[in-house]
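Next up: some structures, all given as C-alpha cells.
Below are two complexes that have chain A in common, paired first with chain B and then with chain C.
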Partner chain A sequence: MLELSLASYRYPGYAKTVLHDIELRLGDGEIVGLVGPNDAGKSTLCLVTAGLAPASIGGVLKGTLTLDGTPAGGLRTHELAERVVVGFQNPNTQRSGLAATVFEEIAVGPMNLGLEVPETLARTRGAVARLRLEPLVERDPQRLSGGQAQLVAIASLLAMRPRHVILDEPTAQLDPEGTRLVGEALKALADDGTSLLIAEHKTDLLDGLCQRVVVIDGGTLVRDGPTTAVFEDPELEAVGVEPPARIRLRRAAQAAGLDPRVLAGART
Partner chain B sequence: MLAVLPAAVIAGVARRLIKVSFLLTLPIAISVVLVSVFTRAGETVLFEIGPFDATAEGVDFAAQTLVRLFAISTSIGLFGMTTDPRAFVLDLERRGLSPRFAFVALATLEAVPAMVERAQVIASAQRARGLDTEGSVAARLRGVLPLAGPVVLSSLTEVEERSLALEVRAFGRPGRRRLLWRLPDSTPQLLLRALLLGLLILAIALRLTGAFPVLP
Partner chain C sequence: MIEIEDLVHVYDGATRAVDGVSLRIRDGERVAIVGQNGSGKSTLVRHLNGLLRPTEGRVLLDGVDAATRRVAQLAATVGLAFQDPDRQIFAGTVKAEVEFGPRNAGLRDAALAEAVAAALQATGLEGDTATKPYDLGYSRRKLLALASVLAMRTPVVVLDEPTTGQDARGVRRVEAIVRELGDAGRTVVSISHDMRFVADGFERVIVMRQGTVILDGSPAAVFAREHWPDLASTYLEPPLAARTGAALGLGSTPTDRSLIDALAGQR
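Presenting the complex of A and B:
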C-alpha cells in the first residue's frame, strides 16, 4: 500500500506551497485516477507520490509518504525505484540514450537493478508483449513517433515490475488504439497487485479503468470517491474537469428532452 | 596512412573519409604551409616574396607536418565512420568503464541531433509567426539569433526531467549493470589488434632509439 499523509510540498527556491495537506491512499491492485485543471498540482502530486520530490529535486515536504509500511523519507532514489516508478508525459525525456534498440531501451531499468540476464530478458519480453511492441523491438528508440515512444516509455516502467506505478498523462500522445492498449496493460498490472495513480485529462480512459478518482484543484484534493460518483458530480465541470463522454451525452439527451434509457439501450 | 587508407577502402568509406579529413585539416594546413615555407630557415631558397624567402627545407618540413596531420585526421575520421558510438561506449562499460561515464558520453552524442531537431521545430514555429530566416547571410543571422535562447533554455529545462526519468529506472544504484550483450569479437580481430599494438610499441621504440627519422 502507498500512503501519503498530510502532505504539503514547496519547490526549492519558492516561498509558495503548491500542495496542501494531501491525504491519499493507494491500495494493492487499486487504480486511482487523478484529475484537475491545468496548473492544479497534478504533476507535482505525481512527483511527491513517487518520492522524487523532495528526494531528487529537493524542496520541502511536510507530512509522510509510506510505501508498503516503509517511510519513503529514508530511502535513496534507487531504492525508491525498486518500489515505485513514475512516468512523465514527454516520452523524449524518458529515453535513456543508452540503448541502440527498443528492446535494449526497455531492458535498461532491469539491467540497472543488477538483475541476472535471464530475469532481465523475461521482464523485457513481458513488457514488450503487454504493450504489443514486438514490431518495434529492433527499431532505434530515437526514430519513433510520439505515440510509439510513449508506449516504449511505459513498457520501460512496466519492466521494472514495481509495486506502485504513478503515471502523469501517459496517453497524451497516443491514438485511441494506443490508449486502449495502455488501459489493458494497466488493468493487467493492477490484477497482479500493483497499485496505480494515473493523472489524466482523458476522463473516458479513467472511467473504464479506475475504481476511484481524486480531484485536485489549487494544490488541494477537493474530491475523492468512487469513479462514477465523482464523474457524476454536477460540480465537477466547475473545477475545470470534463466528465466522460457517456455522462455528457446522457446530460445532453436529458437537456434535449430525450429519454436517457434510449442511450443506455444503444450502448448495450 | 598506409594502414588507414586500405582499411578505409575495405570499409567503403575512403572517398568520404578523404573529403572530410581534407576539409577538417585545410585551415590548419594553410597556416602550416605559410609559416613553414616562408619562415623556416634554410639554405636552398626556392623563390622570394617581398622580405620572405621560401626555402626547400621549409617545404620539406611543411610536407612532413601535413602528412602527419592528415594521418591523425584520417585515423580519427575512420574510427568515427566505422564505429557505432553506442556499441563502443557500452563495450567499454562491459570492460569496466563507469555507467555514469558511459551515460555522459552517450548523452553528449545524442544531445547534438536532439538540439538540431529542437532548433528546427522552434524555427518552424517562429517562421509561422512571421520570423524571417531566409535570404542573405545577414538576414539569416538576424532571424536565427533570436532562436538561440529558446533552443538552449528548452534543452536545459528537459535536463531535470531526463535525470528524474533515469533515477526512476534505478540509474543511481551502486554496482555494475548486467549488460544484455557483448560486442562480437572474432579471433582475427583480436589478433589484428594485438599486431597493431605490437607495431605501435615497435614504432615508439624505434623513435626513442633514433632509428626513425625525426622532424628536422
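Presenting the complex of A and C:
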C-alpha cells in the first residue's frame, strides 16, 4: 500500500505551491490512472509519489508519503529505490549512461540493489523477454529510436521487481504494439501485487488497464473513482481530458441525432 | 517538391534503418509517416534537412540534390522539430529561443518580431516570452520546439511526433497548425503514432516497415479494411472509427466525422 496524505508541494526556488492537499492511495495489485490537462501537476505528483520530490530534487513537501506503513521521509535513497520506482516521460533522462549495451543498461538497477549475479541475470532476462527486446540486447543504449529507448527504460524498471511503480506517460513514444506489450507487462506486475500509478493522455490505454482513475486539475485531485465512471463523466472534457474512443464515438453519434446503439452493433 | 530516390541509410555499417525508399512529395502536401518503433521514420526525415546524409540514393529539394547543400543552407528550406525537444532547446528565454532561427536566417526588426509573435501565438506561448524554457512542462517545451521551427517560415516543415505528451487541447492545437501550414502552401511531413491525429489532420499517409514504404495513400485508402493485415505487420491498428465503420459495412471511415456522416447518410 502506498499512501499520500494531505500532500502539498513546491519546487525549490519557487514560491508557488503546485500540488494542494493531495490524498491518494494505491492498494497492492491496483493500477490507478492519472489524467489531467497539461501543466495540471501530473509529473510533479509522480515525482512526489515516487519520493524523489523532495528527497532528491529538493523543494518543500507538506503532508506524508507512506510506503507499506513506513514513512518515506525516514528512508535512505537506496531503501526508497527498493520500494518504489519511477519511469519518466523522456527515456533519455532515465538512461544510466554507464552501460555499453541494452542488456547491461537493464541490469544496472538490479546490480545496484546489490543482488547476486545469477539473480541479476535472471531479472534482466525476464524483463527483456517480457517486452520482446531480444533483438536489441547488444545495441548501444544511446543509439535507439525514441520508442525503443522508452521500452528499454520500462524494462529497466521491471528488472527492479518493484512493490510500487510510478510511470509518467510510459507509452508516449511507443507504437501500438509497444503500447500493448507495456500494458501486458504492467498487468502482470499488478497480478503479482505491485501497485501502479500511470499518468497518461491515452485514455484508451487506461480504459483497458485501470481499476481506478484520478483526475488532477490545477494541482488538485478533482475526481477519484472507478475507471468507467470517471471516463463517462461529462465534466471530464471541460478539464481538457478526452474520453476513450468508444465513449467519444457514442457521444458524436448522439450529437448527430443517431441512436448510439448502431455503434454497439459493430464488433471491432 | 521533395523527391527521394532509392534512399538507403546504414548506421555503423550494420543497421539498415532506411532500405530503399522512393517518394515524391508535392508543395503544400500534408503527409503523415507511420510505422512501428525503429521502422526508419526518424532516419528518413532527417535526410530532408541534411542532418543525415544518404548511404545510397539521393534527396532532391526543388530539383537540387541536398547533398550539395550545407545543413545551414538546407535550414532555410526545411525546418525540423525533434521528437525530444530537449535536443534543440538551448536559449535563456522562450522569446530568445524562437528568435534564434529567423535571426540567423537574416530577419530583423519588424519582420523578426512578426515571425516570432505569429509562432508564439500559434503555439499558445505568447504569455511566456520571458519564461525560461526549462521552467515549462514537457508538453509546452514540445510546443516551444515547434514554435522555433514555425518562426523560420520554411517552405517545408518536418515534425517528429509533435503530439507526444500533449493533452486533448494540445493535440487540437497541433492539428490546427498543420492545417494552417497546408493552407498557406507549406509542405508538412509529420511522424506520428497517433492514428486519429493522422486520419484527422493529413491528406496522405505513408506506412513504413523495416526501412521500406509498404503503403502510401489517403487516410481512407490506407485505413481501409483490405490493408489491415499490412498495418498489423508493422504493429499498427486503424482508428476506432475505421474499425467501427468497416464492421458496420459503411466502407472506409477513418475519422469520427466520416463515420458519423456515413451513419447519418444511411438513415
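Worth pointing out:
Heads up, the rule we're going with is that the second predicted complex is superposed on the first by the 266 of 268 C-alpha atoms of A that agree within 3 Å, B and C clash if a C-alpha of one lies under 4 Å from a C-alpha of the other, contacts with A are read in each partner's own complex, and residues count from 1 in each chain.
By definition in this document, a residue touches a chain if its C-beta (ideal position, glycine included) is under 8 Å from a C-beta of that chain, and two chains touch if they have at least 3 such contacts.
Everything quoted here is computed from the prediction, not taken from an experiment.
Of the two partner chains, chain B is the only one touched by A:Gly109; chain C is not. In the overlay built on the shared chain, the residue A:Ala100 is in contact with chain B alone; chain C does not reach it.
Applying the stated contact rule after C-alpha superposition, one finds that A:Thr228 touches neither chain B nor chain C.
Within the superposed three-chain model, A:Ala81 lies in touch with chain B and out of touch with chain C [touch as defined at top].
After overlaying the two complexes on the shared chain, residue contacts for A:Glu242 are found with chain C alone; chain B is out of touch. Touch criterion not met for A:Thr64: it reaches neither chain B nor chain C. Applying the stated contact rule after C-alpha superposition, one finds that A:Leu157 touches chain B and leaves chain C untouched.
Within the superposed three-chain model, A:Glu177 lies in touch with chain C and out of touch with chain B [touch as defined at top]. Applying the stated contact rule after C-alpha superposition, one finds that A:Ser56 touches chain B and leaves chain C untouched. Residues 90, 92 of chain A lie at the contact with chain B in one complex and at the contact with chain C in the other. Of all residues in chain C, those touching chain A in their complex are 11-12, 35-38, 42, 83-84, 86, 137-140, 161, 164-170, 193, 195-196, 234-237, 239-241, 243-245, 247-248, 256, 259-260, 263-264, 267.
Of all the residues in chain B, the ones that touch chain A in their complex are 84, 86-87, 90, 99, 102-103, 106-107, 110, 113-114, 158, 160-181.
For chain A in complex with chain C, the residues that touch the partner chain are 36-39, 43, 89-90, 92, 143-148, 151, 169, 172-178, 201, 204, 237, 240-242, 245-246, 248-249, 252-253, 256-258, 262-263, 265-268. Remark: chain A residues 47, 50, 52, 56-57, 76-78, 81-82, 85-88, 90, 92-94, 96-100, 104, 107-109, 111-117, 120-121, 142, 153, 156-157, 160 touch chain B in the complex.
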